[in-house]
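Report on the following structure.
Labels A, B, C and D are assigned to the chains in the order they are written; within every chain, residues are numbered from 1.
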Amino acid sequence: MITETKIVVRYAETDQMGIAHHANYAVWFEQARTEFIKSFGISYSEMEKRGVMMPLTKLETIYKIPAHYEDELTVYTRTVRLSPVRIRLEYELRRADTERPLSFGSTEHAFVDSQTFLPVNVKRRMPELYAKMEAGVEEPLRALSK
Amino acid sequence: MITETKIVVRYAETDQMGIAHHANYAVWFEQARTEFIKSFGISYSEMEKRGVMMPLTKLETIYKIPAHYEDELTVYTRTVRLSPVRIRLEYELRRADTERPLSFGSTEHAFVDSQTFLPVNVKRRMPELYAKMEAGVEEPLRALSK
Amino acid sequence: MITETKIVVRYAETDQMGIAHHANYAVWFEQARTEFIKSFGISYSEMEKRGVMMPLTKLETIYKIPAHYEDELTVYTRTVRLSPVRIRLEYELRRADTERPLSFGSTEHAFVDSQTFLPVNVKRRMPELYAKMEAGVEEPLRALSK
Amino acid sequence: MITETKIVVRYAETDQMGIAHHANYAVWFEQARTEFIKSFGISYSEMEKRGVMMPLTKLETIYKIPAHYEDELTVYTRTVRLSPVRIRLEYELRRADTERPLSFGSTEHAFVDSQTFLPVNVKRRMPELYAKMEAGVEEPLRALSK
């Protein structure tokens, strides 16, 4: 399963190079991840209330074409690896006027308990969500490190 | 009592006008507030652990002279109003090469309980801190709204 | 004229109090301003290309009710004061489940030349835009300082 | 050559997990990069004035141990790869109370012309700086992708 999230570049996200600052891509991927999880019928807010958090263990971003203020972008989000205690998502950032993506990204997360920060078996804790996520795993993008 | 906090403008804090984006001033004032509170012998982290938080109820910022990447700035911080349930701090942002401040700011905060977000009487909950803060109240700056 | 801008609170915008951090409101108002200007038939990007920028001279934000991650918010934006060299906009931030706004805000801007940062007479430089903006001036909100 | 940059985690940098939000690491690495470049006797501001910019082409961050509000961190910065048109820097983020780094990071940059965004030969454009940087290249960290 691949979801699409719309982003419009904010003025505050630009820097003095006149382009969107690179740190914002992680924030856009996160917004895309929020919508991706929602597409499984549970919000990430609810996941946290049920005691599961997904802190990052790794982030990679490849920047190909800069984005500018007021650009209308789409993030394509997919899961490419899933286990009961870990997940890896990948992202393509696109703008309608360019054939190739502006950017590729990946994030890796641990499933941890909200109180203790210790690993949590999400397959056991939230079996329905896990089954849906497992069914939606996609092929990884070639542009990224594994 | 007036504390001085050093800030160096980060690249990520600039925008495509080539100046520091206005939203960052609130973050700089907050960093200055952290050091201001620390000067009373307790960190804000400890205050939160002891059950007291200080969410903002009001923010004002006046922008006189823009700041730029790598500028070395100083925030001068003072309390100008204090009651057992509220506090108002004021800030001047200065750069060594200009006689007048780049910016003036104020923040108003409620003292609330970390669990319930309900008002907390900080004079009763942390009497020593309150006494020190009360003794350090300064005159308000004329540039700001009251 | 009053425009409506939809915002969904991002995870990155929360802080350890569990609410949206106060500095983000200025960014949301800015996103609302972008859409407000667009409603006059010119984007702010185009304004900058035509040599006019709108740096802030003043910001005020009043925080009434906290916003949380994934909250769906609406910013209502209006101009309340306009001259050939200055503009003041005001903002109400609302969430569907509360009758009263979460927050009120105002921003004041100078119209300046993109190259020199010197004041620019926008009535002369962009007469059509000015006429439209002038026709759309609204009453100020009572909650804010003048 | 390896430089050390001090960072204190800001409140605005925390999120509702109660830890520093992952997107800020890119901003801290950037602040460390600013000081790293300065150690060669030229500021990044001056580089830009002389027509050379260093946009990111790649970012990787590995998160091992979370950082918290008011934590005092040190970023260790080094160049591990350099050519006349590209540079790769690597970062270790440490806190005094842990033996192992909290985080590892890398950034890759193109040297481009400030006006055209086209590649620039920095060895030719700024030979003295290039020679110094070349002399200071260090071994890469094993934790990171190449």
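The rule is short, and it goes like this: a contact is a pair of C-beta atoms (placed from the backbone, for glycine too) under 8 Å apart; a residue touches a chain by one contact, two chains touch by 3 or more.
Given the structure is predicted, the values throughout are model-derived calculations rather than measurements.
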Of all other chains, the one whose Cα centre sits farthest from chain C: D
For chain B paired with chain D, centre-to-centre distance based on mean C-alpha positions, whole Å: 29
Inter-chain centre distance, chain B versus chain C - centres from mean C-alpha coordinates, in Å: 24
Whole-Å gap between the CA centroids of chain A and chain B: 34
Interface hub residues of chain A, defined as touching at least two other chains: 11-12, 16-17, 19, 23, 26-27, 30, 69
Overall pattern in which the protein chains touch one another (line/ring/star/complete/other): complete
Interfacial residue positions of chain D with respect to chain B in the complex: 8, 10-12, 26-27, 30-31, 34, 43-45, 68-70
Chain D residues touching chain C - in the complex, by the definition given at the top: 11-12, 14-19, 21, 23, 69
Chain A residues within the chain D interface of the complex: 16-17, 19, 22-24, 26-27, 30, 48, 53, 55-64, 66, 117, 145
